[in-house]
Structures are given as structure tokens and as C-alpha cells.
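Read through the structures below before going on.
Across the two complexes that follow, chain A remains constant while its partner is chain B and subsequently chain C.
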Partner chain A sequence: MSPNEEPPLIPETNRPAGSILSGRRTTILYLAGLGLALVPFLLLSRDLFWLNIITYTYLFAGLAVAWNIIAGFGGQFSLGHGVFFAVGAYTTSRLFLTWGISPWLGILPGALLCAVLGPLIFLPTFRLKGSFFAIATLAFNEVAFVFANYMESLTGGPRGLQVPFRAAFVNMIFADPRHYTGLMFGFMAIAVAISVVLMRSRLGYYLLAVREDEDSARAAGISVTGVKLRATALSAGLTAIGGGLFAMYVRTIDPISLFTLSDVGVKFALLSLIGGIGTITGPVLGAFLIIPLESYLRALFGGAGPGVHLVLLGFVMLLAALFMRRGVAGAIDAMRRRWRHRNQQR
Partner chain B sequence: MDLVHILVVGLLLGGIYGLVSIGLNLIFGVIRIVNFAHGEFVMLAMYGAYLCYATMGLDPYVSTLLVVPALFVFGVVVYRLVLQPLHNESSMQIFATFGLLIIMQNVILAITRGEGYSVPSKAAALTFGLGDIRITTSRLVIFLAVTATAVALHVFLKKTLIGKSIRAVTQDRQSARLMGINVERTYTITFGIGAALAGLAGVLLSPIYSLSPGIGGNFILAAFAVVVLGGLGSVAGAYFGGMIVGLVEALAGYYIDPELKQAIWFLIFLAVLIVRPTGLFGQVGAEEIGFREQG
Partner chain C sequence: MSEPFFRVHSVVKRFGGLVAVNEVSFDVARGEIVSIIGPNGAGKTTLFNLLTGQLKPSAGEVRLNGNAINALGPDQRARLGLGRTFQIAKPLTALTTLENAMVGAFLHHPRLADAEAKAHEVLREVGLDGRARIRAAELTLSERRRLEVARALALEPVLILLDEVMAGLNQSEVQASIDLFRRLNAAGLTFLIIEHNLKVVRAFSERVIVLDRGAKIAEGDAEQILTTPEVVTAYLGKRKA
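Moving on to the complex of A and B:
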């Protein structure tokens, strides 16, 4: 392929196990990448302002990776993942508040619930494609928002739930903010690991086949709906875990903070798109770029007037959409291929 | 409150939803772009009406003549600069319109510093009785406007050359191009008209709502529900879909629980999406066209 040609529709980095991306070398590469992701944490662990940003970055990187499983690999552009995020957050806090169940355990029922609920609510929508699917899942988010406000006994209604500060390891409440950062890093690492394993598994290949061409996949004997449902269960369960961690970190959750599209449901999509949708590293890269940028702009321009930092962020998004169609991961991949091509010609 | 009263309230509310949805449905149906910023176009037009009032003392019904063409131009510029380059990249288009949404909302927020405005209109404040039901002029005007717009748009699409080319491009982009239709220009005009219709909605809504930068969010999801309910790219669908959503909201708000009214029409919307994904007036098969098949 000549360097002047347009890149193929699906970036080459999607290859789950290509010539250079296989076996032990990849594992080492991913471990090195995760190690690199630890560097800001180690460098800035004394700075509370940056520590908070890094904590959020790890958390949202993990959430974007989870979203990317069904949306990027499976091609099902969900805008309803806020529902799973919220269910995870509410379940974990509610179990802790009412029965004193440790969040370490309480996070699991939420994840299981979503692993069942996700396929159940997505099942009827899988007939829809493209923007129709996106809008239908967006509607789930809105229905859930209304119900979260309504079911006060469960969710605390519009006032939300407050988890009292009782620092203890078993309560997943820490006096030292660095422990949260480590926790979120662990979440991100697990999400990435699941992605990597998935993309080398049979389910991962099926998922790519379904994304590329449903009819051909079906003709090849793949149960299209079954594959989508299993990927949804995985994606929704992981998102719920992220929601539970979020709830224990902020310790105060309400419908606004859990369902606002630009902060939750759509944000997973934005991070993945900016980093490179359908790649393993893309969502992480997106989170590492956008979350700190957003917080930094807010701190820098917060005094200049309300909304100024968001105007800038909007422009960054617009420019990214216009000039980096394959996201950061796609841009890096194109650069690498061009470089390799030049070397071959010599 | 008797049933007739609820039905009147519902129909007038449906008029608002219909008016916001018509432009969105045109863009969605023809160009297949999910324009998340549509509610912000409406919001922008509301502030346009305020600007006309504050600088020239114009009644919002008069400033329609200025704001609607301005929104058409704005729509054309946005389409040319942002959306046309992303043609065939549906997920990036969603992303870009979301970026536009954030920019527009926050530019207005930064300019107004979050202060709430309202646009007074002497004409809009009048009320009159229909039997024992009192109706404000502003809501009746919207109902009449959405009806007139639906009829006019229908005639425009059926009879005029531009309208015919819009329909041709919707049905088959490739064949339309082979017949000598300038597809890109048709898309640009369509987006402009969609934005202008959002502008009309915004101006007519400005006497009813107090203005805030986030007000577009109140309309956009309802508008999506209307579009899917009524049917992709169908003018009649947007009109009657709006009425249905308005009526359901009014009935559910009265008989079930006002807090749940939105959830109920969303559930109906989901049910329609699942049972009849083409919507009530849509062409069969439209929903099957996903992101990739557009090319």
C-alpha cells in the first residue's frame, strides 16, 4: 500500500493477532504501556490537584475500554452505557448503606445485574443499526434517568445517596487519595487485560466478523445475536464495576452526576473516538488526552467566565473529528506504516 | 380537569415537539446525520429573538423574518465546514455534532454569564377562551405554524425541483448523481432548511420559555423520539409523531404521574422502535441502513 492511499476503512491496528502483534511480544508491549501509564501517578503523587485528575483518567480509561468492547469491536454504537454505570454506582452504594456490605463484594452484584440487564435491554434494539441503535440506547439512558429520580427509596431520588466518610480498607474508603488512584489503575489494567484476552479469543474474532459484515458472519455459522449479547454482558458488567468505583470515590451520587450525557454516556464514546475506536489502546489514549486537558482547561480558564474551558474543549473535539478520523491510535498506526514502507523501499 | 382540556393541552404541546422535530427529521431522513446540536440551533434562535428585541425592540413574531434566514446561513456554514468533510463517517459526525453542541452551549453561557433572559411579546401574552378552556396565543401560533410548515414542506418536497432532488438523493444517492443532481449542494440546502426550521421553532418558542444556554436539551430527546416514532424522513411523521408524543405526555401526566410522563413516552418510543422500526409513517427498510452501508 502506498503512503498516499487512504487508510482502509478499518484501521490495521484492529488486527487481533497479526504478524507483529502476536504472542509474548504483545504481552510485553502492553505491560510496558501500562507501566508508562503509571509514570504520571508516580511523578505527581504529592500534588492533590493532579492526583485527582489522574484518578479520574484511570477510571475513565477503564470505562472507555469497557464501552469499546461492544461499540468498537462489535460495531454497536451504544450511547446508553450511562445506565450500566449508574446501576453499578447505585447498587454498590445501596448495599453498603443499607446492609453494610463491603463495596469490594457489593460491586459484584451490580456487575452481574448489568451483565444480565444489558443483554436484556439491548436484545430488542439489536435489530436496529447505526444511528437508530445509537438513538434507541440514548432513550434507555433517559428512561433510567427519570426512574432514578422517581424511585426515591432505592436511589434517594434527586437528592441522591451520600456515603459517609468512614475510612477503612474494607469500606473501600481511604484517607490517602493515592489508594484510590491505585484502585482505578487496577480497574483500567483489568479492563485492558480483558480486552486483550477477548481479542485473541474465538468470541473476539466472531465479534469482528459481525461488525464487518453481519450477513457473511451469519452465513459462516456465527450466531450474530448470541455474539452481540455476550459482548454486551461483558461490556455492561465492566461498566457497572467502574460505576461502583466511581460511587466509592466521590461518595455522593445523584441522577445528574450519573446520567448527564456529556459527562457519562456520551463521554465513553468521545474518549474512544478521539483515541481510536475499535483498538485496544485507543480508548486509553483518548482518556489520557481528554480528561487531563478538560481539568486543566477548567482550572486555567475557570476564572475567565463560565463555559470558556468547555468552548475550547468543544473545538478540540471538532478538530479531532475533522483531522484525526481514526483517532490518535489510527494516526500513530498510519505514521508507523508510512515509516515501515519507506524503510522497505531502501 | 376534563378530558377535552387535557387533549387540548396535549395537542398544543405536540405542536411544540412537532415544530422542533420537523427540521431534525429532514436532516436525519435525507443526510442521515444524527444532529445532536439541533436543540442548540433552537436555543441560538431564541437568543437571536432576544437580541432583536434588546437592540431593536422587535416583537419575536417580527424577528422571525431576520432570525430564520440567519439560521439558514448558519446551517449552510456548519454543514460546509464541519459535516461535509465527514461525509461517510457517521460515528465521527455524531462526535462532531456533539462538539458543536458543547461549543454553542458554552459560547452562549460565556457571553450571557448564565443570566436568564426572557423575550416579552404583547401578542403572545393574549389569551382567549374556547368554551371554558383558556389558550394563550403563543401556543396557538406554534400549533398553526407547525401545521402550515408541515403542509408547506410537503408541497415543497413534492412540487419544486429542489424538493424533488432532495427526495431523489434520499432514495438513492448514486442514481441521483448519475441523473445529474448535485448531491452535495442538495445536502447543503437540506441542512440549511433544517437549521432554518429549528430557527423558526426557536423564535416562536422564545415568548414561552425563559432562555438558558442548556434549554436545547429539553427539546432534543423529545425530538428524536418524535422522529423515530413518526418515521425517518417523513414530514407527516414528524407532525403526527409530535402530536402523539404531546398527547401521551399530557394524558400520562394527568392519569399516571407527572414525574413519569417522560418515561412513559420514551417507553412508547422504544416499543415503536422495536415493533415497527420504520416508524408510523416511515419507509420500510430505512432503519436497516447502518453506518457502513451508506457509502
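Moving on to the complex of A and C:
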């Protein structure tokens, strides 16, 4: 260890990614898992309050999975993914508002833009290690926030953009809120599928190698920078798509709602950390745990005082950090191994 | 006269005012086994890092198969057939033994199934195939060393650089390693190794290069070198080998 090396931000994940991911059996498990994720939707689709929460849960699960591609598997702890989210949201809305382009198509330019923008801004930043990288990405978020406020012609400035309610499938605006839920579920499923395919590919293995030890990775013939950039492009593009979907759901976007870190950029990280960073299921579990909890606490205690629900949420996260260092997925994995080990001893 | 397979020509490495490697030159012929020995701090690992591309030389040239590789990074050199192991075995602990080997195998076998097959092949070669599904974190030291070698072998190298690969191994493990390397050498792999264990150097090397304080002080046949007075003094103090 060189004297300048600091301990990694991401705790070592004991889960051997490849062996969990390969094989038909695990594909079936993932499909079953997605089926399970549908259950809350099916049970609570009549309650508008919970339906909204479930919609957000699916969306943020997908976004956390997208974030995890470069941050969890790649080891590049970004707190600037809010930028990609916002670019996706603004691009999709703008294309729809000004040129009437269907969001089904409109999400793609944002994704492509971020697939280029992401590597561009991350490339010089990759030189920084650990926390410094994270802080630099925070700066991107702040710069983009100022930019969004300033470029009124593009982003609508501080007022933002409002998409009028013209319900039609081609507009990605639905009268029935359950269709939005289905949309977000689709996004989550696609994000998970992309992650699984990635981690069963050469790029996925290379990504893990780069995360673990860059020198060893180079000695194995891996172009470290190339791998990081490709993973960034994928992660950023996917996040932008999520942003586009978000824009068509809430239909009113402004710099505050897009760039407030605790709601967006940092939340992706938080969900993945709590659920288990560096795994496929972790970000999803994190979203399923935190988003409903947060919304429920806000509804329950929102009146008691400003930010009371955030304090409680922070407390939950503190507990997770103390007792579940590898997140929920890691805790489950540890229990499984202990159970298997105990069985072997009988 | 045709150019030698691997040529190190007047390589220099300076860190500020310190000259860590001082105009070291030597050649390695295809299929040879060459050891680099020298006391601690002689610059062996720095030289190695210059050869693998982790460090760029301050002066001098390194050529592999007639190509100047000075400007190439470690990954590019790996792609040209230069494999290396690290002094401190660094397996990818989040992965299994097989997956570790696959990381190397992917270089020439981009498809998952092919890489897996190649990985099994190199693991069999080093005797680790039985531990393929074990998490790399659970391997013993000797197994980790062998995994390092396996990962380098998966690159299908023409030249392999081993950095103190015998350190910490017991006698039977050392012998098993030597047997393995002899097999690989017979199949055409060229070896350049840093080694402290003189028994290994005697048993395994054809030629020995001695470094001391960054400079090459002797080069020649293993047995002959190890009895040269300068080498004995520099390396071993006044004790006999």
C-alpha cells in the first residue's frame, strides 16, 4: 500500500459476482425476484398514496441499479449522477414541449448525450482517488445546478419546465396512474437486465478487476481507463433515461427538484449502500426499503416539524451503517453462508 | 545477427536525485530462464516495474521481439505477450479462483464460455482446478501465488516475469513450483525471475544477473556467478553461499 492510498469508500463485497450471476438457475431467480417486486403494485394499486410511493420505488430502484454499474461494480463513487438525471429530464421535456417529439423517442437523445458527457467529465476526475473523486463529482452537480438556473431558454431557468397534461400513450402521459407504475417497473426491470448481462460479460469482469486492483488489472491486459469510461457511459445513459421518465411522470421539473442532492444524486448512492453496493439486488432492496419508509415518515411526521422525517431516516441509515456494513444484500448473504456452514458441520 | 528476443538496453531510472537503476543492460533469448538476484534495495523490483511498464525509464530502451516497448503501458505490454506476477499476490478477492483466472483469459478469449474454458485450462496447469469455485480470499498463500501465475498464463504470454514467486513457500511447495515452471519452459515460455532463494536460483536458472545498488555487477552461468567474490560480498556479506 502506498502511503497516499486511503481505505476504499466501498466496503469489500464478499459476494463473488460471477458465480452468483452465471447459470440458468440464477436467471430464473432474478425473474422470480422481479415477479416478487410486482406484488406491492398488485396489492396496493387502488390506494393512490401507496401507488405513488411504489412508482417512485421502482424508478429509484432502476436509478440506483444504474448508479451501481460505475460506482458499485466499477468502484468509482460518484455523487454527481444527478447531472445525468437532470440532463435526461430536461432533454426529454424540451424535445416534447418545443418539437412535440414523443418521449418514447425523446429519452434517447438525453441518454446518448449523457453517454458522451459522462465519460467526458469523469475522465479527468478519474485521476482522483476515493473521497476526492466523490467530492469532485459533487462539484459537477453544483455547477450543473447553476447552469440550469441560468440557461432559461433551454431549461426554463428557476421556474423550470411544465409539461401540460395531454394524456396519450405516445406522449407518455397517462390518465391512469397505474400505467406510470408499470412504466417505472419496466425501467427497473430493464436496468436490472442490463446489469446482469453486463456482469456476465468481459466488460463486467474487467470492471470488477479495475475496482479491486488497477495494477493487477493492467497486468492482465486491461485498459483501465477504457473500462471506466465505457461503464460510465452505460451508467450515465441509463440514469438519463430514468430522468426522462421522471419528467413525464411529475410533468414539472425545476433545478431544485432535480439537483437537490439528498433527493437525487446522493440518494442513488444511499439506496445502493443500504441495500448492498456492488451487487445486483442491493440497490433494488435499498430502494424498496428506504423510499417507502421515507415517504411514510414524511406523511406521518411531516407536520411535527421541518425535516423531522429526515432525522428519523438518518437514524435508520446510521443503524444500517453500524450493523449492516455490506447492506441488506450483504447481511442476507452472510446469513446464508452461516446457515450453509452450520449445515455442513452437522 | 538477429536481434535477441528480449533486450534491455542501458536502462536508467531516476527518482529525483536517487538513481535506482543505473544503466542496466542484458538480453534474454527465447526459451531461456534468467534470474535477477541482488541484495535488498538493489533495484530489482524497480527494474521489473520498468520492464512491465508500470514505470517509464528515465533513459534506455526495452525491446520485445524486435519492438520497442518503452512507450507502452502495462496493459499494452500484456497484450504483446508479457506476463507478470506481483511480489505480494493480489487476487481479486471478490471473485472466485476461476473468475480470477478468467480475468486474464478474457484478453484472448472475449466470449464468456471460451474464457471459462481457458481459465480451467490454466488452473489445471497450476494445479488449482479443484479450488476453482472457492472464493479467492480463502486461498492459502501458496495457492494465491499459483493463481497469480495462472492469471498470467491465461494471457498466453511469450515472456513471463516472476517477482519473488517462491517467497514464503515451504520446500515441497517450492519444488512443485519449479516443476511447474520447468514444464512451462519446455513448452516454450521464457522466464525472467527475481529471486532471493539461491537454491531455487541454482536449481532453476540457466543464467543469473546480479544487481547491486542499481547497477549490474555480474552476469553469467548460475553456479559460476554464485561463487564470484564480488557477488558473494555484495549479496551475502562475508558468509558463504
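Rule of thumb we're sticking to: the second predicted complex is superposed on the first by the 325 of 346 C-alpha atoms of A that agree within 3 Å, B and C clash if a C-alpha of one lies under 4 Å from a C-alpha of the other, contacts with A are read in each partner's own complex, and residues count from 1 in each chain.
Everything that follows uses one rule, which is that a contact is a pair of C-beta atoms (placed from the backbone, for glycine too) under 8 Å apart; a residue touches a chain by one contact, two chains touch by 3 or more.
Model, not experiment: these values are computed from the prediction.
Student: Of the partners chain B and chain C, which touch A:T27 in the superposed model: first, second, both, neither?
Tutor: Neither partner.
Student: In the overlaid three-chain picture, which partner chain does A:D215 touch, first (chain B) or second (chain C), both, or neither?
Tutor: The answer is second: A:D215 touches chain C but not chain B.
Student: Would you check which partner chain A:T252 touches, where first means chain B only, second means chain C only, and both and neither mean what they say?
Tutor: After superposition on chain A, A:T252 lies in contact with neither partner.
Student: Just chain B (first), just chain C (second), both, or neither: which does A:Y206 touch?
Tutor: second
Student: Should A:L313 be classified as contacting the first partner (chain B), the second (chain C), both, or neither?
Tutor: first
Student: Should A:Q162 be classified as contacting the first partner (chain B), the second (chain C), both, or neither?
Tutor: In the superposition, A:Q162 touches no partner, neither chain B nor chain C.
Student: Both chain B and chain C touch chain A; at which residues?
Tutor: none
Student: Can you list the chain C residues touching chain A in their complex?
Tutor: Chain C reaches chain A through residues 52-54, 73-75, 78-79, 83-84, 86, 90, 92-96, 98-99, 102-104, 106-107, 110-112, 115, 133, 135, 137, 151-152, 154-155.
Student: Once bound in the complex, which stretches of chain A touch chain B?
Tutor: Those in contact with chain B are residues 9, 75, 77, 124-125, 127-136, 138-140, 142-143, 146-147, 149-150, 262, 266, 269-270, 273-274, 277, 304-308, 310-311, 313-315, 317-318, 320-322, 325.
Student: Touching chain C in the complex: which residues of chain A?
Tutor: 12-19, 22, 200-202, 205-206, 208-209, 211-213, 215-224, 278
Student: Please output the residues of chain B touching chain A within their complex, sorted ascending.
Tutor: 28, 32, 34, 82, 85-86, 89-96, 98-103, 105-110, 113-114, 213, 221, 224-225, 228, 257, 259-260, 262-263, 266-267, 269-270, 273-274, 277, 287-294
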